[in-house]
Structures are given as structure tokens and as C-alpha cells.
Amino acid sequence: MKSGRIYKNLNLTVFTLVIVFLYIPILILIIFSFNNSKIVAGWQGFTFKYYQLLFQNTQIKLAFQHTLLIALLSTFVSTVLGVLAALGLENKRFTGRKVMNALVYVPLIMPDILMGVSLALLFNFLRVETGMITVFIAHVTFCLSYTIIVVQSRLKGFDNSLIEAAMDLGAKPWLIFWKVKFPLIIPGIIAAALLAFTLSIDDFIITFFTSGRGFDTLPIYVEGAIRRGTITTINALSTLMIGFTLFLVVITKRVRKLLL
Amino acid sequence: MNNSIQSYKASVLEQRSINNKNLQSWLLSAPSLFWLTLFFSIPYFIVVIYSLLVPGIYEVKFQFSLQAFREVLSGVYFKPFFLSFRLALFTTVICILLGYPVAYLIARSSEKWKNFLLVLIIIPFWTNFIIRIFSWRIFLSSGGVLNDVLLKLGLINSPLEIIRTDLAVIIVMVYVYLPYMILPLYSVIEKIDFTLLDAAMDLGANERKAFFKVTLPLTSEGLFAGSILVFIPALGAYIIPQLMGNQNSLYIGQVITYKIKNIPRNWPMASALSIVMLILIAAILLTAYSLYIRKVSRKRYEIRQNI
Amino acid sequence: MEEIRIENLTKSFDGFIAVNDVSLTIKSGELFSFLGPSGCGKTTLLRMIAGFEIPLSGKILLGKQDITQHPPYKRQVNTIFQNYSLFPHMTVYDNVAFALRIKKLPNTEIDSRVREMLQLVKMEDQSDKYPNTISGGQKQRVAIARALINRPQVLLLDEPLAALDLKLRQHMLIELMNIHDAVGITFIYVTHDQSEAMSISDRVAVMNHGSIIQSGPPDDIYERPASIFSAYFIGETNLVPCEVVSLEEDYVELKCDAGVGESFLIDSTFHFRPEIGQKLTLSLRPEKIAVSRTKPRTQDDINVVKGIIEDILYLGTHTQYIVKVGSLKFRVFSQHKRVYFDDKALDWEEPVWLFWHDTDSWLIDEDTPVGLEYSDVNVFERPFQMSRSVKRQHKSE
């Protein structure tokens, strides 16, 4: 079985390399956010000063608020709309099925840049000022496909005999929905919401095309800072955002365990 | 006589209930349908319209013109398209080469390891997009950690200029798109019945042959899905080439963005280029889809024949 | 055709010993079965012979060749897997041709051999079908064709009939025997179903906890079990705890403690010499016991006990009685033949006499385990005994 072992080792080697590849830049980022030096290389001593500068930076704070606001709003809207649509799509004989499927699945494989360009042009055509509203609209648009799919897949695994049992016991459709179906799809709804939230916070290119001057989200701000070269506090900001990501991952796992 | 009346009544009632359910579905889907039509489908029509207009320095002039398309078809933009296509291809291939062993290893590990390893792979993926690119800039820059380490180890004499090259672009592209390859591959490999590999080896195939004749064909769906999920978004890459690449070789994403954001603007041009990109993507999808369908439908045809 | 020799084979997983120092020789052309409950190590043993597990210690020899460390593709051994493991992305034809294509034989030769194999298993008109469109029995035949096309020295069958329903199982069992006759190679069969193993094998090895308890021809195992496990696992038996009272030249006298009352005599032609006072177990097969309401005219070579009928199960070909004798419960199968049948059928709570010939029992050199309730095994859980007239002649070298 010698050659079998060669392949196993090959797999393991590639795997380790990939893990290293995935984590090294991030770890460097975190470590150097504490580095007392403007130039990145070369350890000059531990410091919190970049974090302090971070918290004093009003632009970043504003961008953070914008990011959070958009994320919460667009998560809410896209999740609600998504749940409704997923429930509508449950019906196998729905005549609008093909149209809906096309609208839901096609955006998923389009490059983001096309969505950004098309929305920018739409808003220009309609003479709408780019800003918070347009960013909000854009975020809901790209999150909608994801929320619909997540809730749909959760609905697929739904045990319909529970509905039949409830009907058998005398409950009316409306009651059945709220007391039986809805509580059981809440985990799917939460998963969809978390996904939408993450996508919204993460987005750069679509926001880039639909925000104007004056409405920055964090990714927009960071990109600008990188371009301008004013990156001293970006390390610290990045570390905080990585921490936030880890926090989100832990929460998602916990929530999933709780509700399953 | 009574029987047929009853069954007629029953079918009418049934039809009514089907219609009711249908209406209900329409009502539930209406908001999303409306939203997506207005903000996803219609904008593409606007793009088509704009591609037939005249550019202005700030705003577009509403006059009909085929200037944009003439310029596109003149071949001036061949290079950016080619570069983007090549980038997407390299990225996809490298993602396959790195992603397959990773997905395979995770799929073959024990239950308790699987979850842990998956999370391990996904955490960097959940980190903010821009941050991830930023971290590579730090790592690869002339004053950055990689050069620092290599200099100190004496492996190089002067800092490597990695940023602002195509190499840097590909590295970061793979970095960003790798999970999109790993996850579909993992979900397909995980479902394979691995006693099939035992059977193949039992019949005389060594590990390599068993992989190519059994495992690989059975995971082709995952490879296909992963490739689509990497290749197509990679075609439209803007920010990664912008931050990591050489300003002498522009990718099509950058070209389109410049024409929208920079002054003087040329929105008709940007629109025309976007349409060409769309057509390119549609062509790729159709070819891939027809190849795939041909394989699947041949199987289905034979199954149907035998039933 | 070579014989297979297993020498001191041991295998453990994470400290759990799956196969414990097993040695035996399987003769060429034999149909050999490993029989035992789940977890007894038979599958692990099979996998080691196939090459999917490497033993911790010991050797496997095919003829003169030591194949212990060889990977599966280097052994002239082929396996029929429990769920057949047919390649879902290949047709029946391609599945069967697989091994030959690996060897890169010319297409014409491949074609003729594949067709020959498909004819052997009666699947020649299904060659273009995909595995997910054929039935379980057909899948099994394809699996056999796929394995045999290699012309291996040994065919390993890992619970091949487990996934089939009862009627199909019986049919396939006979087909397997026919194929074995036609092809003539060594078959090694692994199963937990004793009627399968007993009915088709030349020899059976009964396994438990990683060791071979007993091996030999089926009638040997059945009539002369070497341990309580063998007696208990195969067929039904009554285990009677006894103590040796006296040893005579041509018989041994045993006393049973459980209030049975009588003492038994056993014909002394058996396989070990007990000592006086030794505690042993007597295995008495239910079909060997006769039951009647009239006491038999005592003959010297018959043992008689008295009991009360506790349960009656009418099973068509025979009736099963549970008879309480002292504190023991005897299980008795009474075939419906004139010789044993009383004029009036026996009834519940009726006092009866049980009697058997003193050569019809078997003495096992083990103390009877406490708490072994031998009337608690539901008769319907065990498959009916297949007619042992299907017993095969053991191919001697």
C-alpha cells in the first residue's frame, strides 16, 4: 500500500500549505497592528496607539455606522422578502415558478461588477442621487437571491406530516402557519439573515458603484485609504474586523446548535 | 350518471384549490418578484439603452449612436478581455489543483474532524473582502514581511517586487476564490460511496487508476459547479487587479470602472463593454451547460429506454 | 489452483482486538464459510485476505506466495462487496470489463470474455443498463461477473445475500453454488446467517470475539459442537448442565442438578475423557428428543426424563414443545410422523416423557454459563433449517 500512502501525504501537504496560505496574511495583519512602526516590517515594540488613533478617527466611525445601518436594514428587508418568496415557491404548481427561479439564480453567477454598473446606470437614468438609499437598494437586491435559497432549502426538509397532524387536530390554516410551520423554519430564517448580514458588510464593488461622495461604508473607506496610502490605522481596523468575523462565526454555530 | 357528476364536481373543487394556492404563491412572491425585476432585470435594459447613446464628460447625451459598439468591435479592447479571460482561467485551474486535495482530505476525515476542518477553511473566507486584499499588500510589499524574512534568511539580495505584477493578482484571486471551489467539491466528494474505490482496487486498479477512473468521474459535478462559481466572477474582477496589479495591463473590470468613475466619463462605452462581457459569459455557460446536459441526458435516455 | 494458508493473523483497531491469532488452511476449490455474529471478526479477516487491511502480525499465503503486504490490486483475489459496489457511472458491460481494461487487453478479447461472463450469470441482454436501473439480484450477478472475469484464485463473498429478500436469497444461494461448481475456484463466504453457511459450505469456521471456535464440515459442527457457543449459535439446542458421576468402559454416567431427577448415560465414544466430578454441558438437539405421554419401554441405550408441557407451537412440518423438566426447559421438535404421533394430540400442562438415544447427545467440555435462557430465543427469529440434503460433497485433494 505504499503508493496509497504517497497520495495521502500529498493531500496532507497540499492541505497544510493551503492552511498556511490562508492564514499567514491575516496573522501578519493582526500581529503588526500592535507594531510600533509606520513601515510594516521590523518589529518596533508593542503598542496600542494605532487602536487609539482608530477610535479617534471620525471618518472611520461614520463609515462604520453607515455599514452597520445598511447591513441591518438590508438584512431585514431581504430576509422578510426572501421568506415570503420562499413560501410562495413551495407550491410546486406555481405558474410563476420559472420566472422566479431565473430571477433568483441568475444573479448568483453574474460578476458583481455588472450588477454595480447596471444599478449605477439605473439610478442615473432615474435621476436619483447616489447615497444611502441607493446603497440600501443595491444591498437588498444582491442579498435577496441568497435569502430565498437558504429559506427554500430549509423548507425542503420540512416534514409535511406535521401540517397534516395539525389539520387532523382541527387547526385552521392561519393558525397552523404561525404555530407549527413558522417556529420550525426560524432556524432557516436566522441562517438567511446572518448570511445577508455578512454579505452586506463584506460588499465592496456594488457599494462602490452605488454610493456617491459622502456615503462611505467601511470597505469603501479602507479601499480609499489604501489608495491614498494612509494605512496606519487600517491594520488595527482590520484586526478588529477579523475579531468581529470570528465572533459572528461562533454566534452562528451556537445559534445553529441551539435551534437544531 | 351520479358518478360522473360527482367526479366533475370533485375536479372543479380541486381546480379551485389549485388556483387558490397559485394565487397565494403569486402574492407571496410578488414583493421579491417586483424588487428583482425593477432592480435586477430592468437595469440591464438601461445598460443596453446607454450603450447606444453618446458620451458626455459628466452626463450621457440622449442621442442615438453606434459609436460605442464600433469602438468595441474595432479590436481595441481585445487585450483587456483576453487578460481577464486568462486570469479567470489560471485562477480556476489553480483553485482546482489546490482545492481538490483539500476537499478530498476533509471529506475523508472522521466526523469530528470534518466540522473542525471546514470551519478552519471558512474562517478566512468570512473575513472582510477588502481586508483580505489589504493583508496581502502588507505581506508582499517591498517593506513587507515576506521580503523581510527572505532577506534575513539570505535567500534574496534585494526585495522582490511582487506587488504590481500579474503574479500578485493571481495569488490574491486564488486566495479570495478558493473557498468557492472547495465547498462544492467537498459536498460532492462527501457523498461518494468509498467502497467503490475498494472495488476498483480489488479489480486491479492501483490508487492512481482508481482515482481517475472512479473518483474523478463521480465528482465531475462538483468540479463543474466550482469552476463556474470561480471562473465567471473572476472574469469581472476589478478591485484585486486594481490594488495588486500592474497599471500597464488593465483587466476588463478596470476598464469598465474607469469609464464610469473617471472623468471624462464614457458610459456608453462602459455599457457596451458590459454587454460584451455578458454575451461572453452567456456563451461560456451555454457551452458548459450543453456539454454537461449531453452527458447527463445520454444516461437519462438510456434509463428511459430500459424502463 | 492454490490453497490459502492463514498463519497467526492478528488485527486490532484502537486497542480493540478484532482478529485474534487466527490460523487455518483453506483447500483449493473449497467453498469455505466464516460464520459468526456481528463483531466476531469475520469481515476483518476477509478484508485482510482481500488486502484492504494489513494485519498487525501473521501471514497470509496463497500457495507459496506471501501476499500479506500486497495491495488489493496485486492479489489474485477478488471480492463481492456487501452492497455490490457497482460503478454507478458505468454500464453493466463497462463494470464487468473494468478489470480487463485496466490490464489493457485488446478490445476483441475483452468483448468475448465479457460476453462469456455475462452469459454465465445470465445477464447478457442487460449489458447496456446502468446499475441504478437493475434489481438487487441482478446487481449481484453483475458483481459476480465483474469479479470472476479476472479468473482469480479465490473469490471472497462478504455477506452477499444480506440485501436480498427471503425468496430471492434462497434462489441466489443455489445459483452461487452452481457458479462455484461451474468455475471451480475457492470461494470464501462470510455471513452471520447460519442456514446459508451450513447449506452450501464444504467447511465452516465458526467465529466469536476474533477467534475461530470450531471449523469443519457442516454436519461436524452441527452434531459435534466443540463449545457452547457453537452449539448455541447454530440451530437450536438444549444445554443441560451436568456432573460426571462415574466412568465405565463403554459409557459415562452424568448427573444433572437442576431437579431433573434421572441420571443420563452417554455412549463413551466421544472426543475427550472427562474426570469424575467434572462439570460439563450436554448438548441435546431438539429434533433428537422424542415426546410421548406413555413411558417408553425402557431400553438400555435410551435416556428418559419426565416433564410437563409448557408451550406448544404448531409449525406445519413439526410441532415445537417447550417442556419443563425440573428447573430446566427442554425444547423438543416433534415431526409429524406416524411413529411418534399419539392418537390424541398432546396438550398444555400435560405430563409427558422425553427420551433420546444415548448416542444422540454431545458432551461439551465447558461449564454451563449461568443465566443462559435457551427458551428465550424466539423460534421465528431463526431461519428455518434448510434441508441438509443440499450438503455438498467435500472436494478432497
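Letters A, B and C mark the chains in the order given here, with residues in each chain numbered from 1 onward.
Quick note on the criterion: contacts are C-beta pairs under 8 Å (C-beta built on N, C-alpha and C of every residue); 3 or more make two chains touch, one makes a residue touch a chain.
Everything numeric in this text was worked out from a predicted model, so none of it was measured.
**Student:** Based on C-beta pairs in contact, work out which chain pair has the most and send it over.
**Tutor:** Summing C-beta contacts for every pairing gives the maximum at A-B.
**Student:** In terms of Cα-based centroids, which chain occupies the most central position?
**Tutor:** Chain nearest the centroid of all protein C-alpha atoms: B.
**Student:** Return the distance between the CA-based centres of subunit A and subunit C, expressed in whole Å.
**Tutor:** 61
**Student:** Quick check: how many Å separate the C-alpha centres of subunit A and subunit B?
**Tutor:** 17
**Student:** Could you tell me the distance, in whole angstrom, between the mean C-alpha positions of subunit B and subunit C?
**Tutor:** Between these chains, centre-to-centre, one finds 58 Å.
**Student:** Out of subunit A, which residues touch more than one other chain, so two or more?
**Tutor:** Touching at least two other chains: 3-4.
**Student:** Residues of subunit B that touch two or more other chains: which are they?
**Tutor:** 206
**Student:** Could you list which residues of subunit C touch at least two other chains?
**Tutor:** Residue numbers touching two or more other chains: 71.
**Student:** Flag every residue of subunit B that touches subunit A in the complex, lowest number first.
**Tutor:** 18, 21-22, 24-29, 31-33, 35-37, 39-44, 46-47, 49-50, 59-60, 98, 101-102, 104-105, 119-124, 126-132, 134-139, 141, 143-145, 147-148, 175, 178, 206-208, 211, 228-229, 232-239, 243, 253, 256-257, 260, 267, 270-271, 274, 277-278, 281, 285
**Student:** Write out the stretch or stretches of subunit C touching subunit B in their complex.
**Tutor:** 50-52, 71-73, 77-79, 81, 83, 85-89, 91, 98-99, 102-103, 128-130, 132-133, 146-147, 150
**Student:** So in the complex, which bits of subunit B are touching subunit C?
**Tutor:** The contact residues of subunit B facing subunit C are 193, 195-196, 198-206, 209, 213-214, 217-218, 299, 302-303, 306-307.
**Student:** What residues of subunit A sit close enough to touch subunit B in their complex?
**Tutor:** Residue positions touching the partner: 3-4, 7, 10-12, 14-15, 17-19, 21-26, 28-29, 32, 39-42, 81-82, 84-85, 87-91, 93-96, 99-100, 103-104, 106-107, 109-115, 117-122, 124-125, 137-138, 140-141, 144, 148, 198, 201-205, 208-209, 218-219, 222-223, 226-227, 231, 234-235, 238, 241-242, 245-246, 248-249, 253.
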